[in-house]
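The following blocks contain the structures, represented as structure tokens.
Shared chain: subunit A. Partners: subunit B in the first complex, subunit C in the second.
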Partner chain A sequence: MRRNDPLSRLIDGLSSLKLTLLCLALLMALVVACTLAQVELGIHLAVERFIRSFIVWWTPEGSALRLPIFPGGGLVGAVLLLNLIFAQLRRLELSWRKGGLWIMHTGLALLFIGEFATALMQVESNMAIEEGQTKNSSEDYRRMEVAVVDETDPEFNDELAVPDTLLKSRAEIADASLPFKLRVRAYHDNAALSLRGPGDAPSPVTSGVGVRMSFQPLPPVSADGDRNTAVAVVEPVLKDGSSLGVFLLSNGLGAPQGFISEGRKWRLALRLRLYRHPFSLTLKDFRHDVYPGTDIPKNFSSLVRLKDPRAGDDRDVLIYMNSPLRHGGLTFYQASFGKNDTLSVLQVVRNPAWTLPYLSCLLVALGLMWHFGLMLRKSLGEASP
Partner chain B sequence: MKNISAALLPIFAVLLTSACREEGITRARVPKTETEAARPAAPGEVTMPGAMDAGSEAPSERPRGLSWTLPSGWKEVPGTGMRLATFLPPGGLKTEGTVVALHGDSGGELANVNRWRGQIGLPPTDEAQIASSRTPLTTKVGPVAVYDFTSTGTARTRLIVAVVKTGDTTWFFKLMGDAAATESARGGFLAIIKRLSPDAAQ
Partner chain C sequence: MKTKRLQTAVFLGSLTLAAWPAVAPAPKSDINFAAFARLPILEGGRVKPLDSFARSSLMSMRGKQYVPVDGKSISATRWLLDAAFKPEAADTYPSFVVDDPEVLGLLDLASGKTRYFAYWQIESKRDEIQNQAAAADQIESGRRSRFQNALLALNGRLSLYERIKNTFMLSGQGDPSREMAELTGLLPGAMSAFHAKKPTDKDRRAMKALSELLRRFHFLAQVAAFKALPPQEGVPADAWMNTGEALSNPANAQAPHPSLALFALMANAYRADDAAAFNAALSAHAAWVARYRPDAARAARAETLFNTCSPFISGMALYLSALLLVFAAWATRHKDIAAAARALAWSAFIVHTFGLLARTLLQGRPPVTNLYSSAVFVGWAAALLGLAAERIHRRGFAVASACAIGFTTLLIAHHLSAAGDTMEMMRAVLDSNFWLATHVVTITIGYASTYLAGMLAIAWVVRRHVMIEPDPAASKALASLAYGVIAFSLLFSFVGTVLGGIWADQSWGRFWGWDPKENGALLIVLWNAFILHARWGGYARERGIMLMAIFGNIIVSLSWFGVNMLGIGLHSYGFMDKAFLWLSAFCALQLALMLLGALPARFWAEKRTDA
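What follows is the complex of A and B.
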């Protein structure tokens, strides 16, 4: 007998096919909207706003209001995942006969979970490397960090990097390795820098090249190829409260800035977030092949030497389209090139969940084979006299 | 119902633990050869004329106007980036001299003095107080202004800068390092300044 309490009704709703169809329709609408929004927002921000969010927000022009206008891909995906699980548990009996469907549905659920894990854990960066150059770090595309570098040691620099998320959320950055606190006076994702003019308002900046600069905050840009000029106004303050100067840092300023305190030489910089890796790549050769007599690309490839003392690896690897290098939890894809084909840009992706889609596809294929195999055997059995 | 909860629990656990991932401060010890300082300026970067210690890239072409003679025991190392030359005093002292030449007045006296003070953690000063930190010297190449600042604290840093003008070019001779070492090298450094002569190539 069917129960009619609220919990049962909720479970009925969550396992209904109508909900599946509604979610699929919403996802289709989101994909169309996201594709159109890419023109203005660029791929990354469009995907963040439409697909990797729980709610799609809209801000009317000239207003500070944020209005929820549509369920985001995260919410629809989560409901679809629940729908799949509830439908499976409610409708499918646990038997060998339905084993294929169980495996197939598990594969689908894994696909959803994999996308959630990717959205939350994936970190993408770029490694631009010239022929003959060796690199063991990659730079984020968008995220910034303030680097506080102790340059006193003649052999090594001790770097401390503060991500932009902390610069935006905290007024002071303190760390046991620093003899001072870093007071964050201002942080802007994007700004226009210019030389100070006679009519400019007094600047809070007292040290470094920023003394002669002024800046005007701007809305961040996100379209592909656009670049933000982030600005941080920071003040190192000693434990006794004395200031070591107020610095204007920006990725748009090429000049190094710093100070000497207690005999230690410090450098400050605002830069794209840097990810250091325990292994190095040396670009031996970059190839950009075209079809004879045309400019149509035939092949892009980077021949790199991978050296990883910890793993005992020292070998040549050819990275080309659809054949990335996977090493140390990172995947290196051929992404771009420059400088008359002497510079290769590799996209570096850290995604702990990268195996889930493959596992998912394998399970779905296995489930289908199981199910159709059973169906085929049954129909052959029925057909035989 | 129990089965459903049991099935959902690990999924929510994965999502929750993933969502709780917080970014923090990172630390790294990096060999100097790998540092970002060696990185060429990114497209669109503004390189500032006041960056006296800028870069470790190709040596600058030396502008004409001045030549110098080093006292006995001092060594000259070719400069890199905007730095034209580096002077090393004898005895491995923890201080070094540098030469930078810039077109124009490079922002003016007050801006330069405050930038130097900022480099050793001293607060900015004003026009009225600059005179007390300026010592005039007379040399064969004309008047030279010498500034001398020492940081506060237990491990003090001293900075001595001599500013010379030749035509449209301003030359900055700087001696900076450990306060005691800089005091030991001060005599030799000032001897370099006093012996400056017009460039023979001119």
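What follows is the complex of A and C.
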């Protein structure tokens, strides 16, 4: 019955156990590499390089080459997922005896899909609130944006945020809401800022506090706790081509910068990417308890007031370790604290796929117990005839 | 019938032997050390008996729970009493283990003859150690050299010892009773000097003397190693105080803590070798604690009993004897010896279980809370599984594997206990009995079963090299046993790993962070899945499966201990230098065993051509 055309050969290959073993071995190698690399690269970059990639690239010391040397976690995971589905459909009959395998492999497939979905859709940010303060936004500490804010009306600011990905990929940014275009002269993920010395080369910057500054690009840092100082050199240009000045923007510069054009007041800023939420949290109390006579933390908790007019919510919520707040598709976790225990930092995560692992764990456990239970019964039957 | 009776006798006999320390009368001594050991104190965030603190301190300093002095070994409690009240004597005890040759060089001590040194031998270099340690402390923990790590460890031990010496009184100086009387005598004059517009010279002198005294008490309050004074009536239950705190506490002037005077009496009596006076003051304090803080007294008593029984030490001895008996049974093919070995293994397991349960009850936590207790639990679960498996295939392999793992893990636990209190308080993020009971316990059972499969596989390999007569049925039984255990461990390691992810989702907001500890757990799952798929696909037969099962030992060990040595990640427990050597040796041994198993059939003692 076996046909020998390329398609069935492909399906044969995709459903073969050899491929399963190959993928499992490759995955193990990637996991080991990712673990060891964390010492040097930090967890985030190591995961990006080995796991959340389709190809692992290698750049020999001192060259600009990028050589593909190993399949990445994404590729291996995708092949393993295909292999799982094909093998299941082709080789395993639907029967009570194989029921455990069906359930278990479904659970596994969900786990893989969940990890892919997380890689694609999860957005992490931080919300730092001081006691008594109310916030309706959180900051992404890994990504940047340039904010163009119309401050003409003191009551209400209109703003446009340009993400760092666009700043890096485009030379000019135009938007219908802006009477000018933003020309991007330079963008660096990380740099060292310093005051200009007398011997420095002439700077292209003509306006704002950046005139007195110079910067030296640095490789971006990724270890936990490290922060990048991004730098953008931008030039707002009117439709007729006349320049409104060249600005040096950085999240390392605190002073406001801006210009007035056609009677409207504009402010420019490079900042951590900001996410606004349709509800607000007010920190009423932050607690940091220790065990008596020690510095060992016993508990961190934030008592917040959640106000969401759309959902009709106006209530107190206690966020503490292992007990996050889930609201509006976001989850708020107690992450850190500061300012003598008056500042609480909440980790804000949007991950639509967060329930998949729960379901998957249940299915796989059930399937394995079913399958191995049958196996054990059979082997006990053999051992005592 | 005879066999049954023999089994019962071995079982009950060994249990009685293990329970003996709990019921044995305390050794005769003039000073009531046993009662002192039972006193509750607050240290490391929890109420514990002085005995526990003395044992774990001495364990961290010299790796043993006793010190040899003049040919006799003295208990940890007695050592602590000497350090607190007779430091000039305690300074001559060999309380510190120093291994590192470079540190020995720094201390001008000769290596070779002994690893144990007394405080007086080190004292002259104390400043040098302090300075070097301060420099080493500046370096990130993962990047320190061996010398720097050893030096930091020594510095920590020395300062713990110095803090113990300055807990009740200033390192054996002065007379605490007189100082207390002095304090009460000086107070009125000093107070009037403080309030008066024009204090008299006498009052002024009193104020000066008082401030000098208070300076000493403040110092005591800061350096004391633990808090020995339970809160008085009407004071919150966790407001324990050390001697310095109680003495410099303004409330002390009106209502001094009754035990302050008692500890002062104990100090003086102990220094004067007046056992009767010491015991009288001690029992007065114990009576006060029993009356006003009965819970603390009860908890401390229970924990002291547990320490005295040391079930994990007797368990270790029993496992080892059972293992040797199994070997004897194999060598002699005597049915009775095999039966006795099984009985002994069960009694070892019962003692182990008792210890595990007692710890769980004392701590009010699920059985696994730290690296130490994970070692205890891995051994327990593997022993249980092995004993259960033995009931399916009665050939002694499962019992032998169970005993070998039980013995080894308890030995590892014993060495891990040198890191400090084994019932330490849980840091906030780990403080969740639900997740400790589910994720941690399942994943640890996964470790245990993977080890059991590996151990059975080792038995399979060794058999082939020592057994002369072919017995394919035995080989097959071992292999199918190991296969069943691998399946079991896939279930537990998978569920445990995913539960860990779910816990992480609950506490850090990410299901899977690719943290080293998570990756280690994942590797175990992947490897077990790999073995099972290789078998189902027919790519590996009996021998292949066995060799892979041995490799499982390496993977579990790396994920259990190896990732802690990376010194990174949210789960890291701290860097362990010496453990690294042992881990490498263990992995090398497993590789050697795999090689032995992979040798072609003509190298085997058992001449067969299959597999």
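The criterion applied here is as follows: the second predicted complex is superposed on the first by the 356 of 385 C-alpha atoms of A that agree within 3 Å, B and C clash if a C-alpha of one lies under 4 Å from a C-alpha of the other, contacts with A are read in each partner's own complex, and residues count from 1 in each chain.
By definition in this document, a residue touches a chain if its C-beta (ideal position, glycine included) is under 8 Å from a C-beta of that chain, and two chains touch if they have at least 3 such contacts.
Every value quoted in this text rests on a predicted model; they were computed, and no experiment measured them.
Peer 1: Given the superposition on subunit A, are subunit B and subunit C in a clash or a fit?
Peer 2: Fit - subunit B and subunit C, as placed by superposing on subunit A, sit side by side.
Peer 1: Thinking of the overlay built on chain A, is A:Leu380 touched by subunit B (first), by subunit C (second), by both, or by neither?
Peer 2: It touches subunit C, and subunit B stays clear.
Peer 1: Considering only the touch criterion stated at the top, classify A:Ser360 as touching first (subunit B), second (subunit C), both, or neither.
Peer 2: second
Peer 1: Once the shared chain is lined up, is A:Lys18 touching subunit B (first), subunit C (second), both, or neither of them?
Peer 2: It touches subunit C, and subunit B stays clear.
Peer 1: Classify the contacts of A:Pro297 with the two partner chains as first (subunit B alone), second (subunit C alone), both, or neither.
Peer 2: second
Peer 1: A:Phe156 in the overlay: touching subunit B, subunit C, both, or neither? Say first, second, both or neither.
Peer 2: Only subunit B is touched by A:Phe156; subunit C is not.
Peer 1: Examine A:Val349 and indicate which partner it touches, taking first as subunit B and second as subunit C; both and neither are also allowed.
Peer 2: After superposition on chain A, A:Val349 lies in contact with subunit C alone.
Peer 1: Please indicate which partner A:Ile69 is in contact with in the superposed arrangement: first for subunit B, second for subunit C, both, or neither.
Peer 2: After superposition on chain A, A:Ile69 lies in contact with neither partner.
Peer 1: Pick out the closest CA atoms of subunit B and subunit C after fitting on chain A and give their distance in Å.
Peer 2: Distance of closest C-alpha approach: 19 Å.
Peer 1: Contact residues on subunit B for subunit A in the complex?
Peer 2: Touching subunit A from subunit B are residues 1, 3-4, 7-8, 11, 14-15, 18-19, 21, 23-32, 34-37, 41-42, 44-48, 50-51, 53-55, 107, 111, 114-115, 118-121, 123-124, 151-157, 176, 178.
Peer 1: Can you tell me which positions in subunit A touch subunit B when the two form their complex?
Peer 2: The contact residues of subunit A facing subunit B are 7, 11, 81-82, 85-86, 89, 109, 113, 116-117, 120-121, 136-137, 147, 149, 151, 154-163, 165-166, 173, 175, 177, 193, 206-209, 211-213, 227, 229, 242-245, 251-256, 258-264, 267, 269, 271, 274, 276.
Peer 1: Flag every residue of subunit A that touches subunit C in the complex, lowest number first.
Peer 2: The contact residues of subunit A facing subunit C are 17-18, 20-21, 24-25, 27-28, 31-32, 34-36, 38-39, 43, 46-47, 51, 111, 114-115, 118, 122, 124, 290-294, 296-300, 321-324, 331, 333, 335, 347, 349, 351, 354, 357-358, 360-361, 364-365, 368-369, 372, 375-376, 379-380, 383.
Peer 1: Would you pull the subunit C residues touching subunit A in the complex into a rising list?
Peer 2: So the residues of subunit C touching subunit A come out as 42-46, 142, 227, 238-240, 392-393, 424-425, 427-429, 431-432, 435, 480, 484, 487-488, 490-491, 494-495, 498-499, 501-503, 505-516, 519-520, 522-523, 526-527, 529-530, 533-534, 536-537, 539, 563, 566-569.
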